[in-house]
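The next part holds the structures, each set out as structure tokens.
Same chain, two partners: chain A is paired with chain B first, then with chain C.
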Partner chain A sequence: MMGAFRRARAALFERGAGLLVAQTAFVYLFLYLPIAVLITLSFNDSRYAVVWQGFTTKWYTALLQGETVARVDPTAAWNALLNSVEIAVAMVVISTVFGTMLAFALDRYDFPGKRLFTGVVFMPIIIPSIVMGISLLLFFNIVGIQLGTGTAIIGHVAFGISFVAVVVAARLQTFDQTMEEAAMDLGANELETLRFVTLPMIKPGIFAGALLAFAMSFDDYVVTFFIIGQENTLPIFFFGMVRQGISPGVNVVAALIIVVTMALVAVAQWFQGPTW
Partner chain B sequence: MTDYDVRLEGVTKRFDDVVAVDDVDLRVESGKFLTLLGPSGCGKTTLLRCIDGFETPTEGAVYIKDEDVTNVPPFERNTSMVFQSYALFPHMTVGENVAFGLQMQGVDDSGETGRGGVGQAVKRLVRRGSNEEIESRVEEMLELVELPGTKDRQISELSGGQQQRIALARALITEPAVLLLDEPLGALDLKLRQNMQVELKNLQEELNTTFIYVTHDQEEALTMSDQIAVLNDGHVEQLGTATEIYEEPATEFVADFIGETNLVRGDYSETDEGATITRNGRTYLVPANPEARATAGFAVRPEKIRIGDEAAGLDNSFRATIIDEIYKGNLGKFVVELDDGERFTVDMQIRDQGSYLQMGETVQIGWAAENSVVLTE
Partner chain C sequence: MGRDSNDRASGLDAQLVRRIRRNQWTGAIVNLAPSAFWLGVFFLAPLAVMFFFSFGERGAFGEVLLAVENLGLQQYRRFFIPEDTSILVALWATVAWLIETAVPGIETLSATQPTPYVRLLFKSIGYGVLATVVSFAVGYPMAYYIGHIAPERYQNLLIVLVILPFWASFLVRIYAIQLLLSANSVLMSALAVLPFVEQGASLMYSQFAVLLGLVYIWIPFMILPVYSSIEEIDFTLQEAAMDLGADRFEAFYHVIFPQSKPGVMAGSVLVFIPSAGAYVIPELLGGTDSQMIGNFIASQFGSAGNWPLGAAGAFVLMGVMLLSIAAYQRGGGELG
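So, the complex of A and B:
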């Protein structure tokens, strides 16, 4: 009995590597097959069906020339994209600065009510977007701020700061403060220490936080929907399109965004440099 | 007049209710190698950090080169620290690490040192500038620590011993009045550590810079120091040369902490024939100590106790039984017991094969009175 079990186990371990490869392949397939299908269909020579009818680049050509393809108006898509980028960039800049400062405060200082404060800071990550959206809408109405991209930026910053703070705080925890002491010992004042030692060393964390914040903002539908008023962002635009069926135009715009996003991530990684 | 590089006056450091450093007065002569020696938690690192400026004393004052620096931040003090973890900047090359101190001082082509005005400060924030003066000083320092030509290497490419040397070079390039070393050899293996001990001492003599070295390793302290300050519970138990600390420990703590020793407590009395300490009815002859109180102890080092025939006729000479032995290779270490139960550890050189003593053997042990020390506390 035991012998048989051991033999089976040994056989399993022997083939274990193969099983692992298969499992990994399945995970990647699960993650990326839909994206691959989407990109493939953007070249599909069919106006409605998701059935492959042959290869074409005519949707790309048409959209890039400003023609409306299957209800997708390139001007509207372009405007939505511009709004999305504007909101995301403004949000990332503000969130990264304040989120990093917040992470330092949480990492370096003890103050009364710190636990409660920390909880409140990280709340936006946990509370449902819909609650966040409604409460922000209420807030803007009560205060009397005109809804638009401006309010969208404020709303995104409200959760962006939390995401940046979480990522940077994690980085700060592994940061050896002796490094700062060494710099000061060698004659660097507080600002110089921050500039030449602390920031370069936690740069990967700040970059990761900023990237995450960008993704969260660019991707957000629920919160934005409540607080952007008459304006559109890309997710809202897409949602409007897809409700009336998937068109090749939507596929093309999505495919283009994937390519641009990947390029952005690649550039960010290159900037980030090596990690210690 | 003696020149003191570092002077501590009544330095006390309290963290909440814990007293880490308790009223320490200490003077370190220029160009000397002082070791702060003590067990972990004795306050030696806190004291070092008070000198460097990372801690501000709760009470008392710190002087460097006769200037009161008690409230001067670390970056404006003429001290450099070699950290236990080296704290080399991982995002800079070896050369950039070593150059950092000079760059922050704003060394320019004229070789003049000075941090300059606001414009200079802003310029420094934009870029860590380098120039020929700095480059040549960096190369000089790398040669000093015997790692020439490594300036373009990454820190992660260096071994622990090499990192140690770079940390030294980085600290020394600013020509500090005092170099502070916080257990810098702790992470190295024994052989490397012993080599570095000698090299550090040589370096210190060559540069004639004041070194203050923190360690809990008494052997390290005895090897390198001109002066040793033994710390216990935040205060200095004894300050003296290596020989003084070892041969004439002032307190029980010092006798016990430095090397191995036999401690016997009893009643102290002085007669015409000399001083004695009596315990369990047995009288031990000891050197007279005017500061000794009625109840005192004495210490005698294991290597000062003779064993066998040569022990007969010494001031203190007793019959004893061997109850334990520890083979140490170069010497035999025996625990012997007198008939009243008093135990002593005795070292014996094993010069002849077969002269090793056996368990349970009865032997004669003895030592001269002047080879023991009467302790005041």
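So, the complex of A and C:
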């Protein structure tokens, strides 16, 4: 009995490679099928957006001409997009500078309380966004800061710094510090060494950190929702639309968002190698 | 310093600048200051405010009472202990309820039910554990394939394909799941050929939809760390084990799998934490029976209007997450 079980088990593992291919294909299908269905349905010639009724580009044309399709107002969507980009760009600039400096400090120096401080740096990545959003809301209320895109940027930087710092610090760990010593021996001062030796070598890490921070900011719904007041961002606009149900207008906006973001990221990854 | 004080001021300045530049602390302070300030003021201070709120009390009109006489542990008590019972009864009620839920045969171990908040907390932990287990079961074989079996030149492409959805909009992907699970969708129409699936059935607004959403969003976080530990394994050890008489399963189980454990542990923490703390996924995919602790916290700060209770719930949730990280570190895992 035991022997039979063992033989069956071993046989299963002998044929493992074939099963693994099937399994892997299944996971890719799982990851991409919903996206494929979404993009397909954005060309669906039906008011009730789920059942396929034939191919049309009329929803795209209507939205691009500024007409409202099933409650989706393209002007509002456009303004929300502009807000999202503004917040994400401001956030990336600030967090990339501060986060990179922080990564250097954590990599190069030992100071009292470093372990605790490192823990604090990880916290914004770990804690649920709902807690972060609400706590910032309470804080802004108490301090008396008017909510708007400004507060949204402040809140986003609070988690952006951590993402950049973690990615850059990982890069710095593999950094060969003798290169810096060599530059200094050859007469470069600290600033020149930083500018011509250190930064060029860790540039991929900084780029990856900035990309991650941008994605996190651009995609964030929960934190932003609590701290942006009356303003809109693309995720907030989109969430409101999804709440009202499936519709051709939402399908088009969703398809556009996913195609554009995935294309941009694919290009970035092409230049950069796999980034995560 | 004493001799230099007679020198010209500029000389003193230059020396001071040099001393500051040479000082071992300068670099650390300059590099740390902006982030420490930002994290202190816009991250820790808000959390401290919220923590303070969790000791407050709700006034008659939903306002928050934070005077000294209102401060106390009442919200935490309310969260964990049913009214008119002691800590011990509440503890037993919780344990009994967990056993009752986990073991089908047993039904009434304790007369007292744990508070709805405790049940919600454990339900969220349950979602987190389930999402982690499913992600592991589905993701591990795939990571193994990509890291060990797939031809080397395709590895990068395959891994990029795993990461790519993670970069794409979270909300849009949840909406895509909604499109698949709604009545009359492609998937549901295909499933309707099965005898036990009704025509026009929908899987939306259910516990299944929430679990599927969690796995769909977070599975890359399981695959990536497992892939990177499998990729580093020296597979000649497997051959060695088999030369010494192990069959393929034994070689995998005793030799290969233990070496991939760091990746599995990191992946588990990365999937468990955001799953247990989810808010948007149950909000969009779940129904009334599939809300989680995140939704409870949000509703206390919204329609339910009990901020101190919501704040207490938030800190209980963060306690759970800290515990899971502590367990991870105790198991030898490292942050970062």
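Operating definition for what follows: the second predicted complex is superposed on the first by the 243 of 276 C-alpha atoms of A that agree within 3 Å, B and C clash if a C-alpha of one lies under 4 Å from a C-alpha of the other, contacts with A are read in each partner's own complex, and residues count from 1 in each chain.
One rule holds for everything that comes next: a residue touches a chain if its C-beta (ideal position, glycine included) is under 8 Å from a C-beta of that chain, and two chains touch if they have at least 3 such contacts.
Please read all numbers here as calculations on a predicted model, not as lab measurements.
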With both structures lined up on chain A, is it a clash or a fit for chain B and chain C?
-> fit
Name the contact category of A:200: first (chain B only), second (chain C only), both, or neither.
-> first
Classify the contacts of A:240 with the two partner chains as first (chain B alone), second (chain C alone), both, or neither.
-> neither
Which of the two partners, first being chain B and second being chain C, lies in contact with A:34: first, second, both, or neither?
-> second
More chain A residues touched by chain B or by chain C?
-> C
Could you tell me if A:138 is touching chain B, chain C, both of them or neither one (first, second, both, neither)?
-> second
Angle at chain A between chain B and chain C, C-alpha centres, nearest 10 degrees = 90
For A:66, select first, second, both or neither according to whether it touches chain B, chain C, the two together, or no partner.
-> neither
Quick one: classify A:215 as touching chain B (first), chain C (second), both or neither.
-> second
Chain B to chain C: minimum CA distance in the overlay, Å?
-> 10
Chain A positions within both the chain B interface and the chain C interface are 276
Interface with chain B, chain A side, in the complex: residues 176, 178-179, 181-189, 191-193, 195-197, 200-201, 276
So, in the complex, the side of chain A touching chain C is made of residues 6, 9-10, 12-14, 16-17, 19-21, 23-24, 27-28, 30-35, 37-38, 41, 49-52, 97-99, 101-102, 104-105, 108-109, 111, 117-124, 126-132, 134-139, 142, 154-155, 157-159, 161-162, 165-166, 169-170, 190, 215, 219, 221-222, 235, 238-239, 242-243, 246, 250-251, 254, 257-258, 261-262, 265-266, 269, 273-276
Of all residues in chain C, those that touch chain A in their complex = 21, 24-25, 27-28, 30-32, 34-36, 38-39, 42-47, 49-50, 53, 138-139, 141-142, 144-146, 149-150, 156, 158-180, 182-187, 216, 219, 223-224, 247-249, 252, 273-274, 277-280, 284, 294, 297-298, 301, 307, 310-311, 314, 317-318, 321, 325, 335-336
Which of the residues in chain B come into contact with chain A in the complex?
-> 52, 54, 73-76, 79-81, 83, 85, 87-91, 100-101, 104-105, 115, 124-125, 128, 156, 170-171, 174
